[in-house]
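Below you'll find the structures, each written out as structure tokens.
Here subunit A shows up in two complexes: once beside subunit B, once beside subunit C.
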Partner chain A sequence: MVMTAVRQDVTAADPPSAPPPAAARRRARRRTYLWSYVYLAPMMVLLLAFVVYPIMASLGYTFYKWDGIGDPSEFVGLANFRQIVNDSIFWRSLGHTFVYAAFVVPIQLVLALALALVLNNKRLRFASFYRTLFFLPVVTSAAVIGVVIQLLVSNFGDSINTLLLNLHLIHQHIDWLGDPHFAMAIIILVGIWHTFGYNLVYFLAGLQTIPDELYEAARLDGAGRIAMFRYITIPMLRAVGVVIVILAVIGTFQIFDLVQVLTSGGPFFATEVVNTYIYHLAFGGSNANAVQPDIGLASAASFIYGLLLIGFSIVQVLVLRSLARRRGAS
Partner chain B sequence: MTVMTHVALLVSGLAWLYPLFWALGSSLKSDDDFFTDGLNPMPSHFLWANYLNAWQEASFGRYFMNTILITVGTVVITLVVTSCAGYVLARTRFPGRGFCLGLVSATLFLPHGYTIIPVFDLMQRVHLLNSLWSVIIVQASGGVVFGTFLFMGYFMAIDKELEDAAMVDGANFHQTFARIMLPLSGPMLATVGLFTAITAWNSFFIPLVFTLGRPELRTLAIGMYAFIGENSTEWTLLCAGTVITLAPIILLFVLLQRFFVNGLAGAVKQ
Partner chain C sequence: MSSPISRRSLLRGAAALAGAGALAGCSSGTSGSGASGSKAKTTITYWDWYASQASWVDNEIKLFQQAHPDIAVKKTTQVSDKYADLVSLAYRSNNPPDILMVPKSPQLSQQVSQDWLMPVDKWATKSWQSSFPENSFVEGVDVFGGKLYTAPFAAPAPSLQLYIHHGVFKDAGLTNDDGSVKLPKTWDDVTQAADAIASKSGGKVAPFGFGNSTNTTLAWWLDLFVRGAGSPGGAAVGGIDGMDYRVGQWKFGSDRNYLDVINLLMEWKSKNWFYPNSMSISDEQARAFFERGRFGMTVGGVWNQPEWTQHKFTDYSLVTLPSPSEAPKALFYGPPGGRFVAVSSKTSHADEAWAWFDWLYSPDAGKRWVEQGQGLSVYAKNNDPKSVTFAPFSQYVAMSGAAVVGPQPAIRNPKVSAVQLPAVKPDINDVLAGIYTGQLKDPQGALTELEGKMNQALGDAIKKAPGVSAKDFAFADWDLTKAYTTKPGA
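The block that comes next holds the complex of A and B.
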């Protein structure tokens, strides 16, 4: 405060015609600061209005019973939290989300690493063409892919059944999206397919950071392919690997579009994940599970989910870090 | 060995894209053709009329224009807002810079949860509800943190001497940014622009919520979802809609994929 006051005094006292260099520099600096705020303002406004404020506001909604029309008025205290914690469908959706992550992440990472190792071979021609083929699903809309898969399965489920029966892969007809297990399996398969490309590119980037000299030295020492993978590739990928695993897990917990389009959480909540559960609470159910919209309940559920995810991320980071360190030390 | 690798990669790569080929093939089939030989993506003859019908009768033309407007609007706003913010955060030590940076970083870790309701409420209060603007602004605000960080990192890596030289030559703050720094950030403009374009084009949740009561504002993805929800049986038309939705963004990606892939690789390597 004092500093600014003095500074203002000095500037004010200077005749504007011939300002001494120090004052001119100060004025220039102040103008720079002023323009810096102007440049920063649009970003900060968007951030405060559409990211920070909504987080605070939705926390406020958790204490009200509110259908989203007018202003929230019916204060219910912690009742919403109690109701969510006691709702078995909330816990089942959480379970489905974990099942989805538990299948998608390991399968996707193993397949992506395997393909990345093949494509990383410098003598392999057209490697970037193949990368594009396998990456392409990433840029397609999950909702539209959901529509395509639904069209395929609902119209030609029988054809797929016949095909698989003829190949002796299955022994009876399957109701693909009507059977709870197969509906989940289809969501998992499409989920793996859709975001596989991210992990492929991440692993390729990680592999390219490993210096060739390491492999050359190992080759001179008579190391085989497997030994090089085990003692060079895996340890060198550890740092990037931790980031890849975290990104993959965070991504799978955001699953919404695919489930909403393919099954809308059905049949009978068998594929309901947390994000579709919250959506149905906030905007009403779309099929058999029609419920009254309740914004307070939806906000409470999403707050609990947010806390669970933060806790889970912290544990995950700590576990992965200590794993990486322990293996690094041995 | 190498031949086998190529055969395996090509066959599995094409099989990997089967759902896309199937949609493309089915979009050109007649209804009979669609049902008799369903899993075969190759149409017996090409029925281009499906596209005309999807474009006109099923409103995909309107959805297409909505999606274009939303995508272009989101990209322009995101690029202007994040390049300016990234520039000053990287280059000037204004008072309060630490606080701003802290706030931006903190939003990455706060539980985002279900913030669409307050956003919806806010849009209602400023009378922007039921307009494409609401989708554009909300969509853009979702990507500002990511874009700002990318631009900040990029501008920090540019040699400071260039800027000093410009200042000595009498360039002011804006001229330095617009004539020196921004032209140098072409690759980053492409990366952030492409990321934003793909996200905005494919966005489902935000346009779903903001067009619930206004069918004429639907984007392609929402149009597809509504079409299947309305129990329509015009499957070949829906497949044409799929191609109309997916083709432009796939084309854009194939042309500019270098920037996208480099951006992703940079994000994970840090």
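The block that comes next holds the complex of A and C.
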């Protein structure tokens, strides 16, 4: 009632103004929408050309045996899917991909959070310099990093081995990228270092959204550093943390370039991940010899991997949502 | 109020920039086409994968351009292991080079059927063909449907050799009475030499080394040693290479020689006789390490030599086909005829591309090829050992008898060209890597499985090729130590 009276008063006090005609309002709205579409158009074109179209096209190729030359003509039905599902190398590659993610994500996130806490300290001098330093690997091409690391461990591998042998940490020379027991570990280490900067920046951004007043109040209440970290930092970072975890997991499942440059999936598929497996199917093997590529088979593998990732993402979202609900209830 | 104006300004600016960019692009294209369209000079594009042979190609381009001032050759050297993919992509984007080295994949018959290549019969007349050795132009090899697409460039020669580092051998006391290096000929010789190197160097120098980062070179060891033992298929990968033509099948599991060589390699490995980083370094790195004496023996091809010569490293020797006994029981085999470059069907400078084609195939270019130590020429007169002054290359020329013409199913039955063998993975390179790194614990089982898969794939491919049978691949009368003449229809 009161609100109505006030509104009536205001209306009565204002000089009567004619509302804009509906057509003019529509035009203005359309113009606003139009600009939105114009700004979105380049991204949409790229998305359609390089994401949607390849996905749709490769779905068609999954039913053909096709080496990529000419047009696909040999229809094989679901044979490509059967071959992939029965290929032990595919499942081995999938296992390697999960191993990579299982090591990279937690280690990288813990390290990134720890470093973000240090860099977020306002008393730290040259913080911007350190941030740049730690972000540098992210803006460096994975291929370049791969080549340099490959040269380092192969050319200077002798020196590294000699040092470790002298320190009695190893008993015999290790071929870091040629030994199946160590090659994946090297890839994981390089992978952690390479994309570590992303998570560092995300965590820093998250930390900077936490109001200082909370820490001040906690300090006045006698809370120590660990208590403040546990009861203020972690809960306040939860929302951004979920996004970081999801992005990190998705990023690790896309691992390709580092593996391709460092080991090309070898030795004997010991470091083959699904993306290099698909690449080798599509472009003819993991060695320099000419073998017939099979785009149809590669497309089927991509499709199966895509389905597995969608399933995994749904599970991930459900688990995170359930955890959030449980926390809310408690 | 100002928002729409600034948006418009922004768009105008963007449009102006885009327009300027487009104009710049157009002007550059116009200039280029103007240049190529004028009578002054036509530029033809040429692709190859020759890295260590680049000095020969560059010199030929220089001489060719001097002789043809109206033609410029723009060379692009692609990375060898991606060459076939890049050529395929170039054709898919309708932008192939005017003339190119024939890629190893897809099969040449498929490249012809896909209309990638232009027949050169218009220029390659009978008189032009007559300068080549007899049987150089063979249906199913360089001739398809009676039309000529490419031609042989090199004479058959052993594709792999065991290189011996003189310094390492001398330090290990592996010398003859006259002070020359004692070259190993048999498997036992190689083992004894390795033992001497390992013990005399105190483990500081590895007897053997290779660079397997591209997953290829370990199989070279198997190929070289198993041929000496009498297995004519060796360990080649790709298409129907590596098949034992005596039976028209792969015999990785049923031919005992394969397991024997692998056991020998594993015995050497167990003694730490291989350079420890061999599985992860590249062939180029291995070449450099051999040059520096990090290991005493490596397997490679004649393509090693130009780079070592460039680095003034000449203190080495080479042997081929080390065998269980003195004489190798099988050799290297190649087809009559051969392939090197071909003119693209998409070229708009066919005459100019042919001129470069003709130049590359000229006896003079072949002579310079041999003189530079790149390999043997298809013209026998160019391969006179007396004209070769460089000792290691002279050794290579002298071993040309270790390579002869082998059976050719495509000559017996041209329909064989339609057999498209799918890639079988893991292949022999993979299996060897698996055994070497200890991931495959049962070498015999792995070889038998590979043999089964390869022969199954061949059987399936034959079923899809009308007019082809498994018998087309079997040459029971083949004497492995002699050249074989395949008769059409026989």
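Definition applied: the second predicted complex is superposed on the first by the 268 of 330 C-alpha atoms of A that agree within 3 Å, B and C clash if a C-alpha of one lies under 4 Å from a C-alpha of the other, contacts with A are read in each partner's own complex, and residues count from 1 in each chain.
The criterion applied here is as follows: a residue touches a chain if its C-beta (ideal position, glycine included) is under 8 Å from a C-beta of that chain, and two chains touch if they have at least 3 such contacts.
In this text, all values refer to a predicted model and were calculated from it rather than measured experimentally.
**Q** Just to be sure I read the superposition right, which of the two partners does A:150 touch: subunit B = first, subunit C = second, or both, or neither?
**A** both
**Q** Touch check for A:180: first (subunit B), second (subunit C), both, or neither?
**A** Only subunit C; A:180 stays clear of subunit B.
**Q** Given the touch rule stated above, what does A:98 touch, subunit B (first), subunit C (second), both, or neither?
**A** neither
**Q** Regarding the shared-chain residue A:209, is it in contact with subunit B (first), subunit C (second), both, or neither?
**A** The first partner, subunit B, only.
**Q** Quick one: is A:229 in contact with subunit B, with subunit C, with both, or with neither? Answer first, second, both or neither.
**A** Neither partner.
**Q** Tell me the contact category for A:267 with respect to subunit B and subunit C: first, second, both or neither.
**A** second
**Q** Now for A:46: first (subunit B), second (subunit C), both, or neither, which partner does it touch?
**A** The first partner, subunit B, only.
**Q** Once chain A of both complexes is superposed, is A:309 in touch with subunit B (first), subunit C (second), both, or neither?
**A** first
**Q** Compare subunit B and subunit C by how many residues of subunit A each one touches, and report the one with more.
**A** Subunit A has more residues touched by B than by the other partner.
**Q** For A:35, using the defined touch cut-off, is the partner it touches subunit B, subunit C, both, or neither? Pick first, second, both or neither.
**A** both
**Q** Go through subunit A and flag every residue that touches subunit B in one model and subunit C in the other.
**A** Touching subunit B and subunit C on subunit A: residues 35, 68, 150, 155, 283, 286.
**Q** Show me the residue ranges of subunit C that touch subunit A in the complex, using the header's touch definition.
**A** That would be residues 7, 80-82, 84-85, 88, 91-92, 103-106, 110, 114, 212-216, 237-239, 272, 276-282, 285, 420-423, 425-427, 429-431, 433-434, 436-440 of subunit C.
**Q** Spell out the part of subunit A that touches subunit C in their complex, as residue ranges.
**A** Within the complex, subunit A touches subunit C at residues 35, 65, 67-70, 89, 150, 153-155, 157-158, 161, 172-180, 183, 263-264, 266-270, 280, 283-294.
**Q** Residues of subunit A touching subunit B in their complex?
**A** These residues of subunit A touch subunit B: 31-33, 35-37, 39-40, 42-44, 46-47, 49-55, 57-58, 61, 68, 118, 123-126, 130-137, 139-145, 147-152, 155-156, 159-160, 163, 193, 198, 201-202, 204-206, 208-209, 240, 243-244, 247, 256-257, 260-261, 278, 282-283, 286, 295, 298-299, 301-303, 305-307, 309-310.
**Q** Which stretch or stretches of subunit B touch subunit A in the complex?
**A** The touching residues are 2, 5-6, 9-10, 13-14, 16-17, 19-20, 22-23, 26, 34-35, 38-39, 80-82, 84-85, 87-89, 92, 94-95, 100, 103-104, 107, 109-122, 137-138, 140-142, 144-145, 148, 173-174, 177, 198, 201-202, 204-205, 209, 212, 220-222, 224-225, 227-229, 235, 238-239, 242, 245-246, 249-250, 253-254, 257, 260-261, 264-266, 268-270.
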